[in-house]
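Chain naming follows the written order as A, B, C and D, and within any one chain the residues start at number 1.
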Amino acid sequence: MTQNNYKDITINKRIAMIAASELVGYRSCFVGIGIPSDAACLAKITVEKNLNLIYESGAIGAFPHTKSYSTGSPSIAHGAEMITDSLSVFSELQAGRIEVGLLSAAQIDKYGNLNSTVIGSYDNPKVRMVGSGGAHDIACLIPNLFTLMPHEPRRFVDKVDFVTSPGSGLELDKLRSKYKLGRGPSLLITDRAKFKMSVDGWYLHSILKDFSYEDAIEGLPWNLKPPASEPIIINQDIISSLDAIN
Amino acid sequence: MTQNNYKDITINKRIAMIAASELVGYRSCFVGIGIPSDAACLAKITVEKNLNLIYESGAIGAFPHTKSYSTGSPSIAHGAEMITDSLSVFSELQAGRIEVGLLSAAQIDKYGNLNSTVIGSYDNPKVRMVGSGGAHDIACLIPNLFTLMPHEPRRFVDKVDFVTSPGSGLELDKLRSKYKLGRGPSLLITDRAKFKMSVDGWYLHSILKDFSYEDAIEGLPWNLKPPASEPIIINQDIISSLDAIN
Amino acid sequence: MIEKISNITEAIKKNINDNDTIFIGGFGHLIPFYLTHELIRQNKADLTICRSGADILFDQLIASKIIKKVIFGYIGNPSVGLSHSFNRAYKSDIIEVEEWTNQSMILRLHAARMGVSYLPSKILQIGDKPSNINYLKSTICPYTGDLYSAIPSLKPDVALIHAQHADKYGNIQMWGIDGDTIEGALASDKIIVSVEKIINNEKLKEHPEMTVIPAHRVTSVIELPWGAYPSYVSGYYSRDDDHYMEYDQISRDEEKLLDYLDEWVHSSKTLKEYQEMIGKERCNSLEKGQCGKK
Amino acid sequence: MIEKISNITEAIKKNINDNDTIFIGGFGHLIPFYLTHELIRQNKADLTICRSGADILFDQLIASKIIKKVIFGYIGNPSVGLSHSFNRAYKSDIIEVEEWTNQSMILRLHAARMGVSYLPSKILQIGDKPSNINYLKSTICPYTGDLYSAIPSLKPDVALIHAQHADKYGNIQMWGIDGDTIEGALASDKIIVSVEKIINNEKLKEHPEMTVIPAHRVTSVIELPWGAYPSYVSGYYSRDDDHYMEYDQISRDEEKLLDYLDEWVHSSKTLKEYQEMIGKERCNSLEKGQCGKK
């Protein structure tokens, strides 16, 4: 499978495989349903067997083998090493005891602010979405935050309509330090590239093999220079295990 | 057994039987080891079958059949309907969800202040005792507090050496209201009599059958008038069940 | 001992008043659908409903126009889509909304459970705050000077929850995913519980660590097997994911949703009718589905 | 997966430094006697020990002169009498003391577990405060104006606890009386656990609701059957009440106590020696004694 063109892999799996590569070295990961959960599962069965998956429903050491609709789904409970309550999990989060978190959202901006609340104004929105859930809490508290987004240009904006989950950058960094919060999103992973955070917002760090610079920035509203780093090549173990995730 | 002279009953059982009589109508009781536990068990098997016994160790709906040394002893866990943690039990206490509490101590004063910390000064005591445990917390928070004391005159003082568990009376009532606390001790039960709380401290409410006014106040330092109420006669069911407690 | 076993009509009629604030249990798991539907059948009015993550049961209550206010951290149809009835009500301003986050909702309930009027937390100090919680205040640690949000307590009048087992005195046993169900129940003044099965007190005492709410805190217990359908019950039956997906389509259309509510709520006046709506075949299949430890 | 199984010498040597603050688990039940005795055998220095209700294990540590400070809500020999070594040390001013109440100790640990530097509580506003906690401050609810004590968090460096089971990855399973054991463990930076039995991961996952500490939080696991003697372990053995009563007599006399420590601690260099001190007959009798669910 090494000869494969990465473009033949589905969008969600491409995001999951890049994210899984980034989870090496972590022991505990706060995950939500969807691509975050897939990425963490993929890491756990390949490059980071020591990773403990933690869901806000209270499942710890979980490892869902089938599609999960809710963090409280049977597949999350099934095979978990521990089931406690949400208070315990969020307490661990606030105490800085969970190392890394993965989030997705409807919109992301230049500083990694995420929006899952409204498109338009809060009181009179065009689209009313599901709200924060635990996303705000994770974005504030987790020491290391990775944001995962399919490369759909409408999701990438200069300024999100509503800051559900706060980002990073010069202004927010000061507040994060003042309130003793996590350092905010350090990484943005799309299905085409990897972006890292600087005081001036996201910069393009590296591009997935088989994709061009133009692919990586296509339709994104930010000013993004070509990356200094080599193309992203994914560990063969991860590629071989992609069928194990949904 | 109705003809029995109450003086033939042991001191601890006499206290327990009066206290058990007072527990009618309550649904939940915070109990410690010793006479409090005995009294609550006695009530539960006789006059108040609906009483749920709650121990600070986290045992709820407990019903120890053998002697317990610690609130965490096997006999407390054995046959309990629920075992949770101490945080939960103290939370229920602070939320006003436990109706009545029973406490004992080394010293008691006129306003129901209890001492289980030191005899003498705190920093340089004659006797250093075990400290509050949960006693301070119960005395502050429980809506209804009964104090149980063997009639040993040295335990009854004008002013306790250290207020481990705060009492009642004019001054403390104001503070209890300011801090939204429980109303403090309303009842003192000895093996000879029952005392109730007024703004001026304890008054002698009634005397156990077979004991005299002189017996009831013997060696007590407070100014106690003869009671207006009839002698205390204990429900026959309670008397018949005294063998069930230690 | 006082026996707490009741029937659903009486339990809801006696214990829930118009204008009450109601915590509804279930975090993906153990959502008290049938018990809560009784609020709709009895046409209660001006209720406030609350929990951290709310799913389609909240949508149904809002569609039934018995809700004055909703307090939540998340509201949607998990992994499927939006809460369409909530969204319609939100846009047309016919319900009050108080929007928090999951952690802050849980801390609100935890504060009430612990008997204090607020708890300090690091969250909700940066980012946008929904205008409905502009009243949120801050607090400062007197030792470290650390700055916190002061998360205000939320003490519901009544909790409606579903669990696996209870004894007749009202001791409640539950296992599997809890989320904020126990926290919300213990925060509430009254607790009404539907269970898959009433078991006897001796059997219950074999596993005191499985008891999550003690008898003296419980108002009423009702035996309602399948009462958590289309959510699931560990040890009993799996989640009907298809039902949730179909609900997404149905609830986009107000007319279709009224038909759905007529079938699944108004016409299911007895538990037997609800079980018939689910159907024998589906029951069999869900009992065989993944649902965790017996 | 990282394996956490260790031996007692290494676990204590590597993970505990002089001057550390150590939470010691066990509330009547599951007191980690043998594991904690290793602190004495290794002659650690200037330790601070803490928990809510402390019993004779604290007395032994104080008698061994390795303790600089003790933080507690209760200290004694439950239902039997006083902590004589503590009392001698208290009167001769050779240890620092910080005396709270059981609820405030638990709230201190709960604050650390929740990641905040204080929690509001109604207690400790009236009555006498031990002079050692004159530093206690107050706080006020910004919504209701309610007045509270600000209970400061307490985050121990290490927790030493005993439980029934662990798997080799460090998932810990426990049942029966907990008290503040889990709260104190989760509040701590490192967690060292002795267990009656190592079980395999598959068996552990049959009961995920019995897991109380997840693998990634645990530093070391050591299999030490009878490690909680003379306290007890639900499902394994009962409490040796006689030992506690004899200890009261022995610990009144410093000479006798040194002999006791020599036998039960210094000479019990291996677990086998400790078990021999207990004796086969006593073990058999305690296994048959009341000890709760298997």
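In this section, a residue touches a chain if its C-beta (ideal position, glycine included) is under 8 Å from a C-beta of that chain, and two chains touch if they have at least 3 such contacts.
None of these values were measured; they are calculated from a predicted model.
K.L.:
Would you mind naming the chains that touch chain B and likewise touch chain D?
P.N.:
Common contact partners of chain B and chain D, which must touch each of the two, are C.
K.L.:
Between chain B and chain C, what's the gap in Å when you average each chain's C-alpha atoms?
P.N.:
One centre to the other, that is 39 Å.
K.L.:
Determine the centre-to-centre distance between chain A and chain B, using the mean Cα coordinates as centres, and give it in whole Å.
P.N.:
57
K.L.:
Cα centroid separation between chain A and chain C, in whole Å?
P.N.:
Centre separation, chain A to chain C: 29 Å.
K.L.:
Indicate the residues of chain B shared as contacts by at least two other chains.
P.N.:
59, 77, 83-84, 93-94, 141
K.L.:
Which residue numbers or ranges of chain C touch two or more of the other chains?
P.N.:
115-116, 121-122, 146, 175-176, 208-209
K.L.:
Using the touch rule from the top of the page, what pairs of chains touch, sorted by label?
P.N.:
Inter-chain contacts occur between A-C, A-D, B-C, B-D, C-D.
K.L.:
What residues on chain B touch chain C, complex-wise?
P.N.:
Residues of chain B touching chain C: 27-28, 49-50, 52, 54, 59-61, 77, 79-84, 88, 91-97, 141.
K.L.:
Chain D touches which residues of chain C in the complex?
P.N.:
Spelled out, the residues of chain C in touch with chain D are 115-122, 137-139, 141-144, 146, 148, 150, 152, 175-176, 206-210, 293.
K.L.:
Mind pulling up the chain D residues that touch chain B in the complex?
P.N.:
The touching residues are 26-29, 52-53, 55, 72-76, 78-80, 82-83, 86-87, 90-91, 99-104, 106-107, 110, 121-128, 130-131, 146-147, 175-180, 182-183, 232, 234, 238-239, 241, 244, 289-292.
K.L.:
Mind listing the chain C positions that touch chain B in their complex?
P.N.:
For this pair, the touching residues of chain C are 1-2, 112-116, 167, 169, 171, 186, 201, 204-205, 208-209, 211-217.
K.L.:
Could you list, by residue number, the parts of chain A that touch chain C in their complex?
P.N.:
Its residues touching chain C are 33-34, 56-59, 66-78, 83-87, 90, 93-94, 113, 117, 122-125, 128-137, 139-141, 162-166, 172, 175-176, 178-181.
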